[in-house]
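What follows is a pair of complexes built around chain A, which joins chain B in one and chain C in the other.
Take a look at the complex of A and B:
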């Protein structure tokens, strides 16, 4: 296996896509999956439960310094940034919002790109602002794989288009293509 | 601006240790690096060398640096359900038990968001004269900002929403007045609070404390420092004293811990066992 983690970022219109992806991954998916999705700051519960319903792999909101394990999905908790430490652990943060967002997709992607370098797959999905564009650029600059959901398929195109403007990505994929790409990672 | 590498960060940490005897080597690296880069941007320090020189030559800057390296609370009344628990479960149990005031410690105040939330709560339930609060800070800048009531105006909107969910007695706006680009909170609320300057190891922690409010600070430490600081907090609490951490922070190995037990898992509230 050439990779150490997959990270997905999205906001408006991404929930269904993430649900479909989690529903299609094999139970023994060989990598940790990081999910940084914009969500309401003050609503702590419900989101992880909703994502878990149809997921083939366990989905959890990590505690600070939890170790990342293959075959598990980690959802950035409400009102925290989610970083990846070099020690392959999650680090949470309550630092300032970035692009009005906490969790910030940029920060999750940038820290994951620093920790995993070329062994990271970053995917930007449907969303309503430009968060994630800088982060995906860092994934690409560090030699990782940069994937963007096809804007024509997105409920809201802003996030994917911003990412495409900033980075010459490796793939522009439909949800089905993203799924089959991930399924082939063995 | 160039990104800081691990070697650069180690050099910064080494310099601070030798000059000021503050040891940041056990801070969680990712967020520490983020804040270093933020300080460099804020103070237009374009290179590692310029930051090192500033740390060496400018004593006033070092206090500001300490302030910037600690992270202010995101808002007042963050997690309203925790504040409701304090009002409805915790404080009512503390009234008649002991004659003396009971001690509350906030080990690391940066912007005073937690301190003012607590002071407003105590004011509203008429218990401000029953407690003795110690607020410790690592920078003079924090102490000045908190004492004068200065607060980031950007954080007011979400604080007001929280206060509504907390079901406070009044409007949050009755406790502050707007200035140009910041807010001034009514600092008579914290008149009785004792401010203490502490180093980052919390040496000389207060003793016999009944309640420690220490939310979302452990996340900036690595696991070894987390454990060390938890020991300090444990030593500071009286038997069955309460420790409140951030919602996604936890005490490792709690099920076998001889030190702490859960009071309320959802709100991250612990009690000292012995």
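Take a look at the complex of A and C:
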């Protein structure tokens, strides 16, 4: 196994995609999965339950300084930024919004890229703003794998197109291809 | 981005030339805050470090810029509902109730507590202490005045905690905002009424190095979204301080996504949103 973690970022139109991905991962998926998804400001609860419903691996909103474990998905809690510390622990922050977002996909991706360097797989999904583009670039610059959902397939293309403009990514994949890529990780 | 080496240089320069020790802060957050200081002051890391070594006034100012001060009135209403219905009633028969807001920032949670205490008829017997490392935010807390337009969510939160009862949807207490708040839309301000502003004792306190310098024990300690900026070791120190500072029947309320890890986990028991001493 060459990788230590997978991180996904998405916004408008990404919920169904993430649900499908979580529904397709094997129960013994060998990596931690970090999820940084924008949500409507007033939707503070219910999101993790909705994602858990069809997921093959446990999905949780982590507590600060929780250790990251393989085969678990960690959803950035509402109204917190979610960072990865070098010690392989989650760190949360209530710092101001970045690009009007908290959680910020850029910040989660950048800190994960620093912690895992070439052993990280970053995936940007459908979304309505450019958050995540800088983060995916950092994943790529640090030698990790950068994947973008095919904009033609996205409900809202802005996020994936912004990422593609900034970075020469490794793969532009449909949801099905993302799933089979992840399923092959052993 | 601040490199690991620059980060180390920063932390040691600060530690050696001031009373501030950030070596056990949560690294990712601190790096971002250092970057913000560099950008806001148009400095590079070498210039910043030489300023830290030679300019104590700048250090004071910078430390204030580094700490994160976001807070709201009744942030996470479900927690405040629990404080109202499950936690404060435990202390109803006390002759005195001591409360510590550790890392109070600009004071919104202090005032949330005072409003609740008043609604429960417990304000008179409460002693409320509020501390922070940053004296500027405590000055703002003493003023008790916030922007109106940016903080309309405060009023929604007020409704959820003060007017509604989550255990009985038919109950509705029509408490007017004016009982506690002076709303001035023309000047875009929300100001807490004087009887609330006069109540708390504000004092500078650094959770990294200070012991219980309030010299009382507490029934309730609130420390919400503060320890997320500390690393694991420093969190343990703070839990130890809180454990020593609580009465045996006392409890600790943390942020929604904070929890007690490590050796102190077994010294507390979580019930709902609060940690009680075992």
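We take it that the second predicted complex is superposed on the first by the 184 of 186 C-alpha atoms of A that agree within 3 Å, B and C clash if a C-alpha of one lies under 4 Å from a C-alpha of the other, contacts with A are read in each partner's own complex, and residues count from 1 in each chain.
The criterion applied here is as follows: a residue touches a chain if its C-beta (ideal position, glycine included) is under 8 Å from a C-beta of that chain, and two chains touch if they have at least 3 such contacts.
Given the structure is predicted, the values throughout are model-derived calculations rather than measurements.
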Review point. Should A:62 be classified as contacting the first partner (chain B), the second (chain C), both, or neither?
Key: both
Review point. Should A:95 be classified as contacting the first partner (chain B), the second (chain C), both, or neither?
Key: both
Check your understanding: Between chain B (first) and chain C (second), which, if any, makes contact with A:29: first, second, both or neither?
Key -> neither
Check your understanding: Is A:15 contacted by the first partner chain B, the second partner chain C, both or neither?
Key -> neither
Review point. Just which bits of chain A does chain B share with chain C as contact spots?
Key: 44, 61-65, 77, 80, 83-86, 91-95, 107, 111, 114
Check your understanding: Of all residues in chain B, which touch chain A in the complex?
Key -> 6, 28-31, 34-35, 71, 73-74, 78-80, 158, 161-162, 165, 216, 218-220, 222-223, 226, 246-250
Practice item. Give every residue of chain C touching chain A within the complex, in rising order. Key: 1, 26-29, 32-33, 68, 70, 76, 225, 227-229, 231-232, 235, 255-259, 261
Practice item. Within their complex, state which residues of chain A touch chain C. Key: 44, 61-66, 77, 80, 83-87, 89, 91-96, 107, 110-111, 114
Study note, to complete from the structure: In their shared complex, chain B is touched by residues of chain A numbered 41-42, 44, 61-65, 77, 79-80, 83-86, 91-95, 102, 107, 111, 114-115
